[in-house]
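Note that the chains are named A, B, C and D in the order they appear, and that numbering of residues resets to 1 at the start of each chain.
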Amino acid sequence: MAIRIFITGGTFDKEYDEITGQLFFKETHLPEMLKLGRSKLNVDIRTLMMIDSLQMTPTDRELIAEQCIRCEHNRIIITHGTDTMVETAAVLAGKNINKTIVITGAMIPYKFGSSDGLFNLGSAMAFVQTLPKGVYVAMNGRWFNWNNVWKNRQTGIFEELP
Amino acid sequence: MAIRIFITGGTFDKEYDEITGQLFFKETHLPEMLKLGRSKLNVDIRTLMMIDSLQMTPTDRELIAEQCIRCEHNRIIITHGTDTMVETAAVLAGKNINKTIVITGAMIPYKFGSSDGLFNLGSAMAFVQTLPKGVYVAMNGRWFNWNNVWKNRQTGIFEELP
Amino acid sequence: MAIRIFITGGTFDKEYDEITGQLFFKETHLPEMLKLGRSKLNVDIRTLMMIDSLQMTPTDRELIAEQCIRCEHNRIIITHGTDTMVETAAVLAGKNINKTIVITGAMIPYKFGSSDGLFNLGSAMAFVQTLPKGVYVAMNGRWFNWNNVWKNRQTGIFEELP
Amino acid sequence: MAIRIFITGGTFDKEYDEITGQLFFKETHLPEMLKLGRSKLNVDIRTLMMIDSLQMTPTDRELIAEQCIRCEHNRIIITHGTDTMVETAAVLAGKNINKTIVITGAMIPYKFGSSDGLFNLGSAMAFVQTLPKGVYVAMNGRWFNWNNVWKNRQTGIFEELP
């Protein structure tokens, strides 16, 4: 069965608006990234929102959970801003969804040339195929259980809880 | 324990020589790629050779196998030209090495800007952490058992055997 | 004699801060860009400020003018944010400096992969060698006299006055 | 009047064939490069050939000269492999064409991410607008008269004759 990919925005998909000089969201780069990676996996991509994860509300997280529950897929990737990735993972875990859910993101926008996004996407696509049911964060080449991870905001690195 | 990465060359590491106008190998880009991916995995990188895999001899494959057997690591990634990746996988499988070995590569050189290499490396790093012992090829976002994969030379895509 | 390059910031040199998610200035990319372009021109680069040109004050413009007057060079390039490039050109023209001064910039930061910066820099380096004394803006592959140019803020394109 | 751009191939337009692992020519990247540079110059682009300049024959050079003579444009850019750029310049100069002709090229293919091509194109577009009638080579940020330039094959740099 296909892998479901839910897009929620985050640094992954930020672009530079040359008229305003500001960062903004236009549309997701996921299809372009999968094409660049020559991925031949069967995927269903759906954009749920296009926001900075600092702006994500409890209602937004309920919507994401609802979509994870309702879809027919057993393997789900969620692209997400890194700042509140862990909060969303906890909400999803609280729903006891019997699926493999991998949340990933990027520190540098894909469009900025030297992004970690393509590496993270490659690892998330692999983890979602091989990890047992559960909710995970995939960053820095690693996977973390939802309840054993935090983002170190000084370094920008995801780590296990102390 | 650290993940061992053996470098053998292949498209991954090809560069353009601006004096001769030819493609050539200088040194591996793996450390640069892992840095770009913000990988925080513990890795030991070792270059075994820097060749086009069409030039790889049986002796070269024995050397790779020997290195996989001798090293203390249980999880090994081998970067490799795509043309004979499957042959090397078969040689390694014949040695009954009790480790997880993932062979990966790229269709486009990393230095050429629009490479699949970073995506493949991300997926290989994830597969090597999660797959059971065995010999695998990781390409196109997928993993294949060594005895159930071939490279379709018309399309450049790795597929299961018919 | 060498070409003088004064750096004042602008989109040219903006970077993405992966910790804060904001755009910021660190240091100029001019030497890196000239190296990428294999430029063999003799240049003296000096950073005067590193600011968004919307923040540029009359005092900043006086400082730039002062530096243009005082330096021993007859050919000067100024990298500058596009939003107030024309204002700075007018201030410089008012000083009747007997040199060729070319102001250039970029719509997309150099570090963002798909920037117009390298093209603009190439054209500015050429114009400064070939245009007679005067103050010019070099953008969109064209050169404009300081008193016959404006930035169309809807399109981001520099045009002659109507 | 528009600037004429004649395409002849060269490193500028080389691509990597991911099936064969060889460099090859598909189509010119000039329109894409001018778009990236936000060029608003009026140009007429025409591909005359797509070859490595080491393969260029006297007949090819006659064809290029013929096209320069016949076209209605007074300002012409020719993209060309760097190895025999100077030979073509000499052939053109021998025809006493009363136009400004600027020959440029690249050391690294545009598609390879870290190319000098965009810088060279920017400078060539500027030189063709500002230099008097004559035949010139534009490389390394500089312009050279056709009879005072050679390519140093050890360094890849264009220099004045000793």
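Quick note on the criterion: a contact is a pair of C-beta atoms (placed from the backbone, for glycine too) under 8 Å apart; a residue touches a chain by one contact, two chains touch by 3 or more.
Going by UniProt, the chains are A, B, C, D = Asparaginase.
Remember, predicted model here, so these are calculated numbers, not experimental data.
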item	value
Chains contacting each of chain A and chain C, listed by label	none
Averaged-CA centre spacing for the pair chain D and chain B, given as whole angstrom	39
Inter-chain centre distance, chain B versus chain C - centres from mean C-alpha coordinates, in Å	45
Centre-to-centre distance between chain B and chain A (centres being mean Cα positions), rounded to whole Å	26
Junction residues of chain D - those touching two or more other chains	107, 114, 156
Overall pattern in which the protein chains touch one another (line/ring/star/complete/other)	ring
All pairs of touching chains, each written as two labels joined by a dash	A-B, A-C, B-D, C-D
Residue ranges of chain B touching chain D (in the complex, touch as defined)	11, 16, 18-19, 21, 23, 52, 83, 107-109, 111-114, 153-156
Touching residues (chain side chain D, partner chain C) in the complex	33-34, 36-41, 107, 114-116, 118-127, 129-131, 138-143, 156-158
